[in-house]
Amino acid sequence: MFARNAWYVAAMPSEVAEGPLGRTICNESMVFYRGREGQVHALEDFCPHRGAPLSLGRVCDGKLVCGYHGLQMGCEGKTVSMPGQRVQGFPAIRSFPAVERYGFIWVWPGEASQADPARIHHLPWADSEEWAYGGGMYHIQCDYRLMIDNLMDLTHETYVHATSIGQKEIDEVPCTTRVQGEEVITSRTMHGIQAPPFWQMALRSNGLPDGQPVDRWQICHFTPPSHVMIEVGVALAGHGGYDAPPEVKASSIVVDFITPESDTSHWYFWGMARNFKAHDTALTATLREGQGKVFAEDQAVLERQQANLLRWPDRKLLMLNIDSGGVQSRKVLDRFIAAERTMAAVG
Amino acid sequence: MFARNAWYVAAMPSEVAEGPLGRTICNESMVFYRGREGQVHALEDFCPHRGAPLSLGRVCDGKLVCGYHGLQMGCEGKTVSMPGQRVQGFPAIRSFPAVERYGFIWVWPGEASQADPARIHHLPWADSEEWAYGGGMYHIQCDYRLMIDNLMDLTHETYVHATSIGQKEIDEVPCTTRVQGEEVITSRTMHGIQAPPFWQMALRSNGLPDGQPVDRWQICHFTPPSHVMIEVGVALAGHGGYDAPPEVKASSIVVDFITPESDTSHWYFWGMARNFKAHDTALTATLREGQGKVFAEDQAVLERQQANLLRWPDRKLLMLNIDSGGVQSRKVLDRFIAAERTMAAVG
Amino acid sequence: MFARNAWYVAAMPSEVAEGPLGRTICNESMVFYRGREGQVHALEDFCPHRGAPLSLGRVCDGKLVCGYHGLQMGCEGKTVSMPGQRVQGFPAIRSFPAVERYGFIWVWPGEASQADPARIHHLPWADSEEWAYGGGMYHIQCDYRLMIDNLMDLTHETYVHATSIGQKEIDEVPCTTRVQGEEVITSRTMHGIQAPPFWQMALRSNGLPDGQPVDRWQICHFTPPSHVMIEVGVALAGHGGYDAPPEVKASSIVVDFITPESDTSHWYFWGMARNFKAHDTALTATLREGQGKVFAEDQAVLERQQANLLRWPDRKLLMLNIDSGGVQSRKVLDRFIAAERTMAAVG
């Protein structure tokens, strides 16, 4: 169950470089490619001639050319030409609104007429020289909502990521959750603790001592359909924590775009945006590698959790206080999807 | 959907050498083995004792011996003997008419009483000293009819085989298709063109210059249930093309036997018969390797096409002029299968 | 179809050492772990919090700790604690009676109230200093009853194990089968034969000549739910065979615990108990390696047999005299399962 009238991250720009990319988003089999000026287009991945996937083909002069018999497809889903053929009567295929922005390729799998690029999730750091971003993508075999649950309850770090970002204090400090319109925010601050290994590295990278007590915060923001931005950081203790001046803290935003593929699989675009040492590409690479290991630990747990839930489909899960971030996010999401369906019925 | 009362190529003789071979043909699980004088037999791959596949066993003295408890099966599907047992009452298993001819093992998966070896597709070159043959077999995950379509419309060579046998002119010269009884013939001749890499090699192998303009022809012959023989060749331009004398041309027959395994998979026996340098085994090996690479490109496209068609089962495909070879072949095939069913209902 | 109110071998002790072990037994997904004093517990492999498999977690201080959010589960299936939570109202998960005995971990997948450890299959050799045991476990993709059939008809050794323990005489000497209560015994003795390779090795290991005629016996004991103990051995010919004095024979017990995983897969615990050279660990390793190879041959046949039976579900298999061990075992098993169901209906 997922919203269709929404902007999802579909790909990283590097994935749609030379040739076309085939990818299923919200059960829609799509092909992504770049037109003549490099702008991104998304179409059904189906050649109207003989049904071959267009993603097997190549791009010539901004046209997508089928790799089987050379049909040339235009960005609106209408066949432009085919050797020796009159193509006017060829059936069109569906096109999907697609936009490249903030270093991601976004797609709208639902009703095209409602796709307003102004509604793409705003990422102010993405356009700033003072920020750097590094990230990656994992194909994960579980319902995308299990990933939302995961990210909206960080007590799991103590257990799943014990050797990197986890620490006992996450478990011990309660979180608070609030809903602001469509946004769910769950936050936790730990005072005067020892920084865990990942943050010790970040402190050192930032020119700060890694052995002193710190205040550590985690502020998770969910917005529909499935974006989770987590403000995370540590400040040397006694300087105001989240509000401490930049020179005594290391902070960043954990960026999570969670794009459904099917009911039990998704594309997980993860990364980190930081506003310290923004031009240190070696640091970007190091952070990216560390994050990649952390999220691979999540993947292992989530895929096994999904398998277990499929085995016991009738069991109700608990909704504890630590789960309220996920519970509230799902409520917002349910309303979001219900509204979409109401609009479709009315429209 | 496939004809059952027909001779299909089931295996290459080398596949049924020492031990038995298990292979499913037209959804029938079969075991092939050689009797005492080396003649080939085909039976259900099921031991009547405990259901083990007979293809796991061995051949002793022309008898197929089950690898589990030693039941000896005869070529008619009746148990011959079993240690310590009276076998007269053992249920028989089905036997399938099988013939080794023209360098292939043929099987008739349908009604045995109608299996007349005289109806095996005639391959005059196979018995001639002046011809050589080399080929191979691929297990392909698609409906065998997609392979027929593929071979009866060679415009795909321009796109799928761009680096070997494809060239722009194939696309540009229209083909003509005609039906003669059960045979469908689709042909194309390109005049005064540059030979593509594969044919340059063939010209050189034949002692001819590879840089001069040539006339190139492709004449595809479909006959049911699923054989496609393609006369292909190039002649130095201006000597009459297909009808040019042997010393100025290089020509051969692309041999395609397409044997259904299931509704969405088949065994593809491919090869090339040529009547030049017939005794040059190194050339046979070179040609075979080249063809193997070409058909692997088809495999990649066809398996993805099949997956796409399963995803969109209700979409109608286009039937263009270039598709008429495949379209007419399917019509002949449909009539062939309908006639078989009428006979079964009457008989 | 399998009995549920019975003790099955679930694991080897080494499999439940440091961390928990997840394993499905009789379609029940279980986690095995050791409590504070090392005693083994078995629970449903499902965390009541968010459904993650508990087998992903770790054991701390004898408590099973979920690897996702740290829920601590007790051995009765009741949550003991969870950071920051009141757990009294958490739903319990199922616990399964589990016992470690005779070098195996046993589990009772059915009605816990009926689980009497006194009913665990008695293995007198396991507690004796004069006996040694070596074995292993294979995960086999077939109905556990096909393995029972296999072990209760050793004529297959001639064909499946031709290079190790098979020999023509097994086929030629009839077996006799008798039922004693719930036990089925099928036995065969071959007189004055040549020892096959495996037994030649055993004779040599036992300090006996390997080239002289021997008497060889095989006495298979089936008891429900699915245990097969096979007394096997050879004695130098003319000394009384099975009853010959220890100094002229080599004998052992082939130990087979066959534990259903699903309807078409099982865990096969195989091994050998011997009362000669009991302290020769190198010999134990050699025998174990030999047995491992032999049972891998069975696995290959059984998995292909299972696939064939699924393809032809309506075919009846033959029940010959050689099959009577398996046939009688299945009858005992059917009665055992029927009785269990009657009790459940009455109870």
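First chain written, first letter: the chains are A, B and C, and each begins at residue 1.
Keep this in mind: a contact is a pair of C-beta atoms (placed from the backbone, for glycine too) under 8 Å apart; a residue touches a chain by one contact, two chains touch by 3 or more.
These numbers come from a predicted model, not from an experiment.
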Using CA atoms for the superposition, what rotation angle relates chain A to chain B, in steps of 5 degrees? 120
When chain A touches chain C, do the two copies use mostly the same residue numbers, with over half shared, or different ones? different
Distance between chain centroids, defined by C-alpha means - chain A, chain C (Å): 48
Chain C: which residues touch two or more other chains? none
Please name which positions on chain C make contact with chain A in the complex. 29, 45-46, 48-53, 56-57, 65-70, 82-85, 90-91
Residues of chain A defined as touching chain C within the complex: 149, 153, 155-156, 158-160, 171-172, 174, 300-301, 304-305, 307-309, 311-312, 315, 317-318, 320-323
